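Here the chain labels run A, B, C and D in written order, and each chain numbers its own residues starting at 1.
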Amino acid sequence: MSIFIDKNTKVVVQGITGRDGSFHTKQMIEYGTQVVAGVTPGKGGQKFEAVSPRGEAIMVPVFNTVEDAVKATGANTSVIYVPPPFAADAIMEAAASGVQLVVCITEGVPVLDMTRVYPFVKERGVRLLGANCPGLISPGQSKVGIIPGRICAEGSVGVVSRSGTLTYEIVYQLTRAGIGQTTCVGIGGDPINGTNFIDCLAAFEKDPQTKAIAMMGEIGGTDEQEAAAYIKQHMTKPVVGFIAGQTAPPGRRMGHAGAIISGSAGTAAEKIEAFEAAGVGVARRPIDFVDLIRARLK
Amino acid sequence: MNLHEYQAKEILRRFGVAIPPGEVATTPAQAEAIATKFGTAVMVKAQVHAGGRGKAGGVKFCKTPADAKEKAAAILGMKIKGLTVEKVLVTVAADIGSEAYVGIIVDRASKKPVFMVSAAGGIDIEEVAAKTPEKIRYHPVDVRYGLQTYEAMQLGFFLYSDVKLARAAAKVMQQLYAAFIASGCSLAEINPLVVTPQGEIIAVDGKMVIDDNELDRRPDIEALRDESSEEQSEVDARKHNLTFIKLEGNVGCVVNGAGLAMATMDLVKYYGGEPANFLDIGGSSNPEKVVNALRIITEDSNVKAILFNIFGGITRTDDVANGIVTATKANPLKVPLVIRLTGTNEELAMKILTDNGFTASKDMDEAVRHVVAIVKGEKAA
Amino acid sequence: MSIFIDKNTKVVVQGITGRDGSFHTKQMIEYGTQVVAGVTPGKGGQKFEAVSPRGEAIMVPVFNTVEDAVKATGANTSVIYVPPPFAADAIMEAAASGVQLVVCITEGVPVLDMTRVYPFVKERGVRLLGANCPGLISPGQSKVGIIPGRICAEGSVGVVSRSGTLTYEIVYQLTRAGIGQTTCVGIGGDPINGTNFIDCLAAFEKDPQTKAIAMMGEIGGTDEQEAAAYIKQHMTKPVVGFIAGQTAPPGRRMGHAGAIISGSAGTAAEKIEAFEAAGVGVARRPIDFVDLIRARLK
Amino acid sequence: MNLHEYQAKEILRRFGVAIPPGEVATTPAQAEAIATKFGTAVMVKAQVHAGGRGKAGGVKFCKTPADAKEKAAAILGMKIKGLTVEKVLVTVAADIGSEAYVGIIVDRASKKPVFMVSAAGGIDIEEVAAKTPEKIRYHPVDVRYGLQTYEAMQLGFFLYSDVKLARAAAKVMQQLYAAFIASGCSLAEINPLVVTPQGEIIAVDGKMVIDDNELDRRPDIEALRDESSEEQSEVDARKHNLTFIKLEGNVGCVVNGAGLAMATMDLVKYYGGEPANFLDIGGSSNPEKVVNALRIITEDSNVKAILFNIFGGITRTDDVANGIVTATKANPLKVPLVIRLTGTNEELAMKILTDNGFTASKDMDEAVRHVVAIVKGEKAA
């Protein structure tokens, strides 16, 4: 089992003919993801060529609009690799087209765009992951986004994280230690994103295959504190958490807008305290996840 | 991106906010000439991207043009929180009846722009929030509808019981909101919003922070960037698509991804070291980026050792390896280098490094322990 | 019983000190409506004086904002008598303040304003009646709006209408014939209004006191046809209907925007046909309501 | 309020829509001068608020300035659907590759502005809807968000498979939508939207209907009103806050409220009469309104009898009675008058009427039967 995506996920790639879109579409198909359609305005009718895990050539039809793509292929998930100024429109296009899940990889989406996008997708009951996220992977089933497939392994740990490469780091360490994952989800580090920790925790709680959860937070905001409160109240499965940014000076940006300390809210110390109060195992170092998770899987 | 007070005020003025006349001076003589032109008492205000200008002596009241010249001479060149004052705003001094605070920020929790207003203006809103939180009214705005008149009036009445003032303040809220949205702000504030003894409402100070992600589509705002008032190494990094923040430690860090970069710094600290910087080379791989990253880091004389921590996803580790080789050939490093690489094309990267006399680890924890041991003098490079 | 308003309805009047607002507030109080607050920006703290049905002086507190009024008085219904350019804002202010029912009397609200107002009130689960409507009255209990109280009588007929004075005409004829009403609702004749025929029909169907329904439609739009379809499917109570505008020439406005015939849709003949197909008794003349309703009350 | 083609085009041009150059002429000589200035073939187009101008001969292609003068002479003064042509638009004749239809109306059912687009342009959209409905795409716009780019592109691709044309059309949709909202329209359309043989997209005809309720806050649009092109009795009525529409019958009707007015007309017809007009005196009572109503109705020589049907709610029936007395004293009526009054202050109204020699009924049905009998000659007044 898994959350959000599985073997039946049918993906439409927005921006399939772009630099990032074409590279990652090939990677997704190589991993075994069912990529059923691509979208690039003006390239409707063309085919995008890739190679399946069994080495077969796959021809993905390209459409002018997501609407056309969904009608023709029944895609139920979209993944977006379009430049930042067009990302908000692409998300709304996907959400209006009938897909259930929209994964926006694009980094650099203006936050005011997201204040419009968020209610738009919510009104339609569509799940948005991101923007500025690495996507998600259910090892052995499907990957939607850019998480490297080879660092993952099938197993029983749910992973949810605000950052990209830090997620890879921790998944890699888990996999090296023989600990596989049900689904690894990167929710993205922007101030406003479509899916938060609690959404993922709730889904992992429901997923029978998931036995423990690893979550990686960051300084800034109060998402981790709210997640901790949720864990205390609603979760029966063990959770291990980590907060990046303990050494970040207050009030300075650290690469993405998620990492601002505004006043007293959102410090690493505060978040770790919330974790401890909620019975969340706290990894002080990335490597600590291995032992903490292993202990909880027994 | 931070705007200077004079820039923020210019934008607010375009949206209809009443603001006392003001001009920018870069020399004491200019300040004197501007004060002479206005023919009234003026304020001379340091234009730097730092709070607490007043306390630092960067804001002065001047009765005469001669006074303005003298105060400008004192303020120009002054250092406030490490930043040199290059410009002053010379602006007509306002008669102040009462002072209020009006601001908007984008709020993570409500996922909306949120107004903060308080009749206790003229001081830091953080101070008001800490000491008298009941004096602040927060109001999230649904961007789908914009700030409705009734909402602006609610805020206006929170500040003033007089309906004329409430209406005038409501208008300012709508103007501020329009400026906030049109300029792609993540913060905009007027503090203080002043009621003059004559009952006029004017903005005596203005602040705007622009979402960096908005700048590509707003060249007019990008053009307001004042690089002279920013940390030069950070300006340099931005030009090369690197995110760099200078810190006080001695372990230079080059990492891909903000989360991993912060986790790397934390681990340096965990093992007893102090990071010298935050540096994210971002996702796309490019040897040139690595060359620039190394150049910027080595300009900091505090740096005693450099740590690379690269987890190749989109980033190709061979690109990073090539960048390291190129950069060190051109400018041999004077400090030890510890490299951790894993992920995309790691075999090729390892070969490139080994062929050029470098060693590299695949393990983050090991690499961090190693670099900390070096700066502590416990271990050779 | 009644629909939408009853003895417990607590009304805040927006524009209470205006010409129409003050006149009708007095009328409402005289009828026995609980008017608990008024709103006029800048007149917060004043009192509005009126006379109760028992001849006592009533002092209604005036507030600067609806928010203040609702907080102080617990008003659950707002009625709006502000000039057209401010009506949309007034409706939104009321809907955001926590009242459950907003009745907008104002005529001349721009239709594009209503395209914004409509989703705003729906999102909050607030019922809007109007704009450009006479309001509603539950005889003997409460009146909110401008329907003259003396033409109504308590009884068992629900009345719902798109027009103002035509409603009075028919209610007057029913009352003269000894046929009383549960609630008379004027939904307003504008192209976009908050409550439609179906909303009222559903409420009357649920109201145990209501035994029959009189509805008055007009040319233009397809609301009556949709109401007819609803009646056929969902209503057990008898309905008698009337359509005004049989002699109106196609494509000409007749006083309010509700009365446009656009192409073939919305003619009187079409609507009457829909009524007949749904088993709705059709009044050819206003006076016909008396016999048709009386026959159905037996 | 209807705008003329040239006015709608001027607004669309301001919002960025490409439109061939054009100027208005009121004389054949002006038309010639404009055509000379353009130096190309032109279209001369009657500016009247009526459809079917082309079929009526009100739109002509002119090769030369002399031709333009001649055609303008024929069109100016022509009657189209009862309206006299006072102005022509002289506009550069476009090369037409293909014609599409793009329009927006406010839709009752979805409660939204709805786009209608069709590649079958150049003819009435009603005709397309009736004969080939599959050739129209409808698209409701959520005004909270406005017309998003992806929506405009969907519409663009519905019209054109070529991406450049689709993009250009999408831009026109956004411009049309912006003009629609900013001008307070209830309808705006471009028909035809033309692709020239050179691949340019231009608007060759434009139409806008403004929501009358928007005019108070849009004086710039109200200023475009052309009273010379409207029915004079309707213009007169509007000036006196009456809603009046002239019809073909002989029973003049004065009623308060649009619904009751229509029901009254229907009842006149039911009993075998024909209403001469729709006239709503509205809610607020005012003897002056009644005076003006009577004056306007009696200007129609078809009118053989006048019926008042007043249900006093807000309207005070004594005001109406006073108005009747005043008006008939000043200008004695030449046709019989049947009055029905009930509601607010009806006893007083009855007394005023009786004192002045009038009789009045309280019953609508009775009053209508009475007036119809009079015009049929079955009964004296």
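Just so it is clear, contacts are C-beta pairs under 8 Å (C-beta built on N, C-alpha and C of every residue); 3 or more make two chains touch, one makes a residue touch a chain.
All of these numbers come straight from a predicted model, not from anything done at the bench.
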Check: interface with higher C-beta contact count, A-D vs A-B, is A-B
Whole-Å distance, chain B centre to chain C centre, using C-alpha means? 55
Distance from chain B to chain A - Cα centre to Cα centre, in angstrom: 28
Residues of chain B that contact two or more other chains, please. 144-145
Where in chain A do residues touch two or more other chains at once? 116
Graph shape for the chains shown, where an edge means the two chains touch. Line, ring, star, complete, or other? other
Sites on chain B touched by chain A in the complex: 106, 108-109, 111-113, 126, 129, 142-144, 181, 184-186, 211, 213-214, 216-217, 243, 245, 247, 255-263, 265-270, 275, 278, 280, 283, 311-315, 342-344, 364-365
With touch defined as at the start, can you tell me which chain B residues reach chain D in the complex? 144-145
Mind listing the chain A positions that touch chain B in their complex? 20, 84-85, 107-112, 114-116, 118-119, 134, 146-148, 151, 161-169, 172, 189, 191-192, 216, 218-223, 242, 244-249, 252-259, 263, 268, 284-287
Quick one: which bits of chain D touch chain A in the complex? Just the residue numbers, please. 145, 148-151, 153-154, 157, 161, 163-164, 166-167
Show me the residue ranges of chain C that touch chain B in the complex, using the header's touch definition. 41-42, 44, 64-68, 86, 89-90, 92-93, 96, 116, 120
